[in-house]
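Order of writing sets the chain letters: A, B, C, D, E, F, G and H. Residues in each chain are counted from 1.
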């Protein structure tokens, strides 16, 4: 009797959310099957920002390809670059000078802070509160200014280079970072006041989008998404790189598995990042910031895999080299890709409004998924 | 489990497997036959317990295609890399999406970009590209005179 | 003004809306193309029509609302008169509301006020 | 108002009544039939109000009657729609003919 | 359907591109007023595909605050928007969507191509199989702004440039 | 009774949390000094960009209209996305030696990602990043630039 | 003293003095109509600008400040632009209803203006069922939204309209009960009577805690009824792009937009009338000097001041709170507001019968 | 004919025309909208008669309640985009005929009594009286009071509410 596509069963409605939709944070396309307001199925359609980065990288040299990776997860562009640099260094067996190591970690954590701030604002916007977005951007702009001063750009800095970092820190860096931390410590309490403690917000988050720890592992979720389900998966702890083994910080774990748990993990991570930066900011060793490398980098034949913890989870770089100046095949294991695959599982049975909240707490960056 | 111990347990499960040296993780080379049951066993065997598949990569070696699975156990914290060697023209391998849910998307990606067919996959369709796309862009012999401007 | 104000305002509203819409008609020559008239759905061609059966959990609220709405209607004259009549009015309304409240509790207990 | 004789108002209400009747006869769909019934009830209400106004302007009985009619109409509509929905759930149709098969 | 067909020049792309019309019956004075109104009330469509969208959000943010110009009424539906800011890469799969969104906007409508990707494909010009080499292959663009991403001031500059264009009456 | 207690305390806590949020926004509403907006086109005069900010690639010319580019194409090779095209010519110096020299330095601003790799690659520091960011144009062909000024030549002594 | 009452009165006298009654009535109608239209336009312009400025200041930014002095002409430009924008009708839509819906909401918004007392003696028609009239007419607006949502033939529109339908009808109950609880005190539905009864103090203060509770409930309910955040599910941007007016463009959209703001104005005016004494100046007990001073402020200013304060509060809500989910929204009404307001009404009745209020 | 009479005739025409559309329209959603207009017209008629209270009640209950409920149930049970099946020609003709005849007969009857004319003075009970008068009489326990029906209405509403919930929430026989 009902022959139109679009209505599968009686009373069900198939709605496209995205690719142009305010809550998909870019161009994710979700085909949502609804019964009334209740979600029966969510089917992500990807590829609306598939830029063939992996193919491109096959024709870029080891110095050049790093910059493309900042365009994947542009909110953790630094950390992505870091992962790539680590992988090249692993292949070339370059010893990174200690100063560069600390600078890298500092920048990573600042990036993580900026990313989480943006997430906080955007997620609050998704659930309908518009003002937090602006407060988040105020703090983010402070970080951007610091970044711009040292790296020369606001978002896609291209600051990492195989063997260290491209420039030395700006002389004002330490002072500004300290000022910022002092400022941000008060603001993060405001975040709690405005959003975390808000009853509407809590009710919108609690019990929504439950993901058990087994499912989280099975779906390959990482980062705050998995840690919200109690899965310990912080690469900074489990496979420490750079100076992460020397700083004190906690892996924030929540066992709720719902949106609120994921939210709390990210809020906790912001505080941890602050403490990491505070520990390191006064202890930047002197010396070189960039190891001496050959002008043209050639990785030996073989396979190299390195992973880092971005703001969204485990970012893996898998380089297969045939010994030339360009990678033979390169694969980026992006955290968002796996996290997204759990979306359908999490969203079933909830309302449309919850779908938005769940996506908000997954913190998807679509180019990171599509590559 | 150390690398050596891992090797022993793997050989027990899959006698035909060979090992590749020189990388940081235990690397197993195998063909498409038996991969399915092997995967099931490494997932369920309590001393192995590879519950977390973190990366699936398809590589075009011009003569053949390998699919590389990176596995980790969140319990034992050991890592295993399995490379499944497939025919270049008709790459086919059993799906593991029933064992690790994350594989569903990763396999679709490999199918989309490399043309590897995962038999038994619940929903093997193009993932990133449009349905009417021709060819497997990540293969080395892929040519696209219209869209690809070579530098 | 008396009741004629209703008619006046009715026409004022119509004139206001019509004037605005007509101005746009007059000044803007819109372009036409094949996709302009199609429904917007985030840039993807829609499939199917929303004018189908559409299961909603709202109707129970509407049902209960209707009952309460009638109750509300009876309360307006009551509220006007309550001060003049005094205590008996209170008693009457307590009975009235009590009976209705039983229904409300019943609805609550049956989960009619839970989202479906 | 005084220029309009009562019979004109009654004329309107009668017409409305028969329009409702016509709808009730022709429609097979329960919801539309319900709508026709609402029209009929309204025509009755018009009569009550008009009689009250024209014949016993000092009394309020007509007002009360229509007030109660409206209340009862609302209750009736609510129950009717509940029944329609239930029927629809069971038979996937709200045609009156389909309702013949109703088993309970 | 993808942009390849357009590149080949065979198959027509869905929907036709028309120059934005301003109407020819207006007297100049009225024209000026209308252009003033249009230029000062550019409501952007919520449309960001990738990294540039973040800078677009920064422009909306408190520090750069495009609401000073009256741009802040970002509409999620193309029916109510006046300008698309193409913030980010357009890939072949997205191109029909972009085209469709543009087509569905009510006239008059304007387009700003923000960033290297939208102007020309930018970093993804060479060796990619899926990126549209410039959004103007898909829809007519009024203002291009280079940068990767352009800083918020650069976007504001682009918006001011667009305002000037509208005000000058073409 | 316990039900009523939780019911009322729910309301109380809910209302309190809402009021707390309103207090914060109310605070910002009444404190204008917290506003951090910069007024871009009006603040051009005092706007100071950090010196490392990368706006576009420029070639340095001195007062004699001379630059330091040898036309070695190192920058072209270093650029990941083909932004730079160097066209060289063979120049005969007065003493009859033939030398490769820069003819045109084509720079596609619309492609450039400001990644700084060309600058790092240049052996003679002939090019550098400028801070100009106002690149809006109506026609994208205006973004393709010729970096060496007309009639410029290479500075003496640069190899 | 220049007050609106005197002006309207003198116009009235002049009209009936110079023309014959029919012509005078026609002219008066014309003037009233024009005034209403002007009021609409001005309200739209001012309220939208106010919203944008308020939001800007709460969000630590400046807000529109470049068009006209301090951005004052921003909304003028917006309105002009919208009027000069193409008004689309989608092909698949039910064209008749699609175009009828904006008329419906605007006419409804116009009609609600009838009993609002803008200043002392300035009322279009002091209708005897005053507040009941308002709740009756405003219940019509839900039909306009349902019509718009259905006729658009768009899934988001329909979902938005359904939500808004459920939401508006539900919250009508609490709003109605709050009104009734004040009516028990005043004993009249007529707006002028309600204002007169507050001569010696506003009901908000005279009616003790029950009045405050019903005030709060009323504000919450009308926020929901006008589809304002945090109850803006009908146009929840992050879920349904633009909700029921997704397919509307140009002036037709502007009419919805305008009707929303006019409705806010009206409900705030009603709240001010019921609880804050309408145009009544603030009088405190026996402070005669103070009361006299207050009397010097024109009544229209009092009215506008109170109304805009309430509008500000509603805007404040919007820019602070996240949106509720549809089931939470409904359970807030049915589990909290409705029982509370029923209970509150009984308390209020007791107070009014016993004369415990001041 | 004065203005008030004109208003009456316009209103009546409106009520009848929209009523007729409501029973003949083929699109079910439009049917509901026409019904709505017809009911609003009836409210207008009450207004014209000076019965503001009943007019408001008509709008609140019919328009704000019943029509909304009808619209919801349309969405739930119909393909609101599809045209309703047109009724059998025979049945249409027959019903139209029956309605016409009935109407004609009633009119005939009515015309006999067309002499109901009311003295003008009788209208002048102050309209404001009405609402409080209604309230007073509604609550009065005297002979003419309506307090008993008032309470009975609440029982009726209770019954209706419980009935609705019981009926509407009854799930399919198949699924538990």
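Rule of thumb we're sticking to: a residue touches a chain if its C-beta (ideal position, glycine included) is under 8 Å from a C-beta of that chain, and two chains touch if they have at least 3 such contacts.
The structure displayed is predicted, hence computed values, not measured ones.
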- Joint neighbours of subunit D and subunit A, given as chain labels: C
- Message: Give me the set of chains touching subunit E intersected with the set touching subunit F.
- Response: A, G
- Taking mean CA positions as centres, which chain lies farthest from subunit D? F
- Message: Could you work out how far the Cα centre of subunit C sits from that of subunit H, in whole Å?
- Response: 17
- Item | Centroid spacing, where centroids are CA-atom means, of subunit F and subunit G in whole angstrom | 50
- Task: Just give me the whole-number Å value for how far the CA centre of subunit D lies from that of subunit F.
- Result: 73
- Task: Mind checking the centre-to-centre distance between subunit D and subunit G? Centres are C-alpha means, answer in whole Å.
- Result: 33
- What are the residue numbers in subunit B that touch two or more other chains? 128-130, 137, 150-151
- Of all residues in subunit E, which are in touch with two or more distinct other chains? 34, 61-63, 65, 68, 76-77, 79, 93, 97, 101, 106-108, 123-131, 148, 151
- Task: Hunt down the residues of subunit F that sit against at least two other chains at once, touch-wise.
- Result: 18, 21, 24-25, 35-37, 39, 53, 80-82, 113-114
- Message: I'd like to see which chains touch which, written out pair by pair.
- Response: A-B, A-C, A-E, A-F, A-G, B-E, C-D, C-E, C-G, C-H, D-H, E-F, E-G, F-G, G-H
- Message: Per the contact definition, I'd like the list of subunit G residues that touch subunit H in the complex.
- Response: 94, 96-97, 127-129, 132-133, 135-137, 139-140, 142-143, 146-147, 150, 153, 158, 162, 165-166, 169, 172, 187-190
- Counting only contacts in the complex, subunit A reaches subunit C at residues 2, 4-7, 10-21, 29, 35-38, 351
- Query: Of all residues in subunit G, which touch subunit A in the complex?
  - Reply: 55, 58-61, 155-156, 159, 163, 229-230, 232-233, 236-241, 318-328
- Query: What part of subunit A is in contact with subunit E in the complex they form?
  - Reply: 19-22, 26-27, 47-53, 55-56, 58-60, 67-68, 70-71, 74-75, 77, 118, 133-135, 137-138, 140-141, 144, 154-156, 366-367
- Task: Using the touch rule from the top, collect the residues of subunit H that touch subunit C in their complex.
- Result: 3, 7, 47-48, 53, 57, 60-61, 64-66, 68-69, 72-73, 75-82, 131-132, 134-136, 138-141, 147, 150-151, 153-155, 157-158, 160-162, 164-166, 168-169
